[in-house]
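Dropping the structures in below, format is structure tokens.
Below are two complexes that have chain A in common, paired first with chain B and then with chain C.
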Partner chain A sequence: MSELKVLLVDDEEELVSTLVERLEYRQIKAVFLLTGAAAIQRMREETFDVVVLDLKLPGISGIETMRVIKKEHPEVPIILITGHGSLANEEDMPKGAFDYLPKPIDLEILVQKIREAVAVK
Partner chain B sequence: MAEHEEKIKFNIENEILPTPLVMPRYRKLKRLSIIITSLVALIPLFIVTLLNYYQDQEAYHAETRYTISRLLSNTQKTLEYAIKERRSALSLIIHERTYEELNSQESLKTALSNLKESFGGFVDIGLIESSGLQTHYLGPYDLRGKNYQEQDWFKEILVRNVFVSDVFMGHRNIPHFVIAFKHEKPNGDFYVIRTTIDMDLLYRLIYDLDLDKNTDAFIINREGLLQTPSLFYGNILDKVKISVPEHFRQREVIDEYHEDGMWLTTGYVYIEESPFILVVIKQRENPFFHWFYRRTGLIWFLLLSAGLILAVVIYGSTHTVKRLRELDKRRVKIFHNMEYTNKMATIGRMAAGVAHEINNPLAIINEKAGLLKDLVLHTENCPNQDKFLKLADSITGSVERCSKVTHRLLGFAKRMEDNIEMVDLKSLLEEVVGFQNTEIAHRNLKVNFAFDGNLPTIESDRGQLQQVFLNIINNAFAAVDDGGQIDISTAPCADREVAVTITDNGSGIPEENLQNIFEPFYSTKGQFGTGLGLSITRDIIDKLGGKIEVESQIGKGTSFIVKLPCHSKRVAFQEKI
Partner chain C sequence: MTADRSDERERILRESSLAFFGAITASVSHELNNVISIIDQTAGLLGDLLAGARYGRPLTEEQLERLAEKVKNQTGRGVQFIKRLNTFAHSADEPVREFELNQLVENLTALSDRLAGLKGVTLRVQFTNQPLKLVNNPFLLQQTLFLIIKNLLTRSEKNDSITVSVSEQDNGGKVLIIAPAKESAEPDRPENLELLVESLEGSVKVGSEAENICYELLIPGIKYR
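Showing the complex of A and B:
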């Protein structure tokens, strides 16, 4: 199995940089970016298997970023993360997202979701 | 949460609804309204009736007085005329003849027979010398030679020329009265012609009046002795009980009330040139009964009107006060809604803000600890590897605990909005009690759960139920002393309903407070309570289609029983207002 390439977008650098390192240990190559604008730009230059996106971002919001990425790269699954707790039910999940994880993230679940997303793709 | 509730206290009490909406207040209002309206409506009615009563009395009096006055007037004229006529007749006899002509039996006989023939009423006639000796007499008795010198009437005639006597028994011992004339002789001496008048003259006079059984007419003399028999006061020469009126030329009518329960109207008149006073007494009916029987129609009308007015007043007041209470209730509901919405929105915003701010650093801690673990695990022969792993696990464990709290807060905030979903009462109650873990531990409280295994999940609003139970459990905590016990149980009840019972072993609620605890602004916590907690609780349960009951025993504790429908019967709040 070729190595997966994931793009992490969150304005908490401490969080994403750590996540990147931890994902490396689990044979997932990850790149992190701090803003939605940077993510959209990077996606145009490079291909990623999965995008993990925080809903609350400075500048362009998470939802807006997701909309643009979905439009430009409909094949790339997006997993959302948020500090706003878990969803009450499935319908509340923003349209187009593959899944939704509350902060703090359980890394094992994130890895599992990433693999599921790629498998579905 | 409990603390928030205390802090976000709405100061409605002093501004809008100053007193609790408790029943006695409305009962008092109703009573007052009924009394005042009845008085205003009924008093004029009674005044009019009273006026009618007095007018009727006056008319009745006037009528009685008039009747008596007429009787007096007519009889007076007749009597005065009768006496005058006889005096004139005697006068004629005396002036027509000389003493010498009169001083013979034969002459007196002619005179008496003439008198009887022309006027009637004369019984006898006598001629009396100035010495008092009756020298000639003609009549049914043998009175010739009698001396009248010592008799009152004879003394009287010495000063007057004409004299009409009282009725008296005299020598013959039968009632009679006399008319006597004194006449001077040419030599300066005098003689007296005396004649007895038949009592029939007076009797017939009274008899002819044809009086009804309530009216008495009689003649008295100035000493108050009866001159004719009386219906009410006895026989001739008895003393009447009424006081003898003072001499007054005019007719006089007096209303009198006598002790023996009779209402009497008395009229009297002095008969001129005689000792007689004519008296007419009419016994009246009791004035009230007289009015009552004459105005039966009016009294019925009064009673019917009063009854009708009272009925309308009672119905009106009851209805108005009921409406007022409903309006007050509605107003309070609006305040509840306002307060509840405000409070929940504030709590929701705060909770969400806090949780979100905490979640981010928690996530960082979590990842750092995770990375630490990854590093230790991937480092060959790492010294103290086990210890490192344990420490990292401890950190991630704590993070997990924190995140549970923040997620619960976020969940709570989200559920503040109306949201019907399937609710598992067991987990909900555990969650609510979970909010209070610190207090439970601090105060060494004991919370027992007894969940029915077959309890279905119910269709309801999770957030609002949380609010309801939080309130009740909070109250239970406040009711018990440190170390107290709270039992929470669930059980299916009735048809498609579940019951949650929360029992504390606290001090209990006195009977008189028990009926008011759900009333808005009713608080026993003094300045510490808004008096809205249980009122809001009941409103929420109401909206969710359930009901709340309370049982309490002083010294043993209190049970709140919340019954909820399995299927949502929720009525929109707006519709209810």
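Showing the complex of A and C:
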């Protein structure tokens, strides 16, 4: 089985860089980017199995980033992450995402969601 | 002023103040959530490294130092947010009291940084050399400044700067808020601006200067230099 490759997008560099280390510890290759614009550009140059995307991003929002990625790469599942406390229910989340996770993220749940997302592709 | 008009004015002030309080606490809670998330993942990474070490994977002093430093930095960041939020919350303790204008502007702009950052906009602040103590309503003043900054952010673009500068004028304080003007947008007065400025017994001028939009807010009540 080939190695999973995940793109993490969040403007909290300390957070995503730590998540990358932890995912790589679990044999998941991960790359992080800090803006939606950078993620859209990188997706045009490189293939990822899953995108993990924060809803609140500087410049192009997470929602807009997801819209562009879904349009250009409909086959790539997106897992949203949010620190928005009131988005506690699935129906509150924007349509088009494979799933969503509230911050702080439970890494084992994130890994499980990544594997599920790839399995249903 | 009739009793009805006064009641309506009080209602608008109460509702807008509550919305302002909510906007600031929501923003700070997002920041604190990020701080906690980083500490949580760093603790998780430490656990991963320790688990690996039990199976013979090397765990170095440098790795431990790096993680300890990360936790220390984030703890400091969290403490800063809590101090700022605490200062902000206490500004509503009394309707009128003495405060230092530079400190108030510094705290409010720092609390607005996340909002500006999401738009890719930088908030710059210029202070007076000497402290500028006023007796007025610090909470309503912050609400007024936030209203103007928020209004300017809606018309700002990525990499723009909004400059907030403090000075002394006419036995009071002056706060000048300047942002780049956009061709399509005339400077306007956001809803409730007049009401807030009246409540401060101050005045506000809105205009264009060179290629900028400029809000000049005068707040009376200088205490001493």
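Couple of notes before you dig in:
In this text, the second predicted complex is superposed on the first by the 118 of 121 C-alpha atoms of A that agree within 3 Å, B and C clash if a C-alpha of one lies under 4 Å from a C-alpha of the other, contacts with A are read in each partner's own complex, and residues count from 1 in each chain.
The rule is simple: contacts are C-beta pairs under 8 Å (C-beta built on N, C-alpha and C of every residue); 3 or more make two chains touch, one makes a residue touch a chain.
As the structure is a computational prediction, the values presented were derived from the model and not from experiment.
Touch criterion met: A:Tyr25 reaches chain B and chain C at once. In the superposition on chain A, contact is made by A:Glu14 with both chain B and chain C. In the overlay built on the shared chain, the residue A:Gly59 is in contact with chain C alone; chain B does not reach it.
When the two structures are aligned on the shared chain, A:Ile105 is found in touch with chain B and with chain C.
Judged by the touch definition given at the top, the superposed model places A:Gly83 against both chain B and chain C.
In the superposition on chain A, the residues of chain A contacting both chain B and chain C are 12, 14-15, 18-19, 21-22, 25, 56, 83-85, 103-105, 107. The part of chain B that touches chain A in the complex is made up of residues 352, 355-357, 359-360, 362-368, 370-371, 374, 378, 399-400, 403, 406-407, 409-411, 414-415, 419, 421. The part of chain A that touches chain C in the complex is made up of residues 11-12, 14-15, 18-19, 21-22, 25, 56-59, 61, 83-85, 103-105, 107.
For chain C in complex with chain A, the touching residues are 29-30, 33-34, 36-38, 40-42, 44-45, 48, 52, 70, 73-74, 117-120, 158. Listing the residues of chain A that touch chain B in their complex gives 12, 14-15, 18-19, 21-22, 25, 56, 83-86, 88-89, 102-105, 107.
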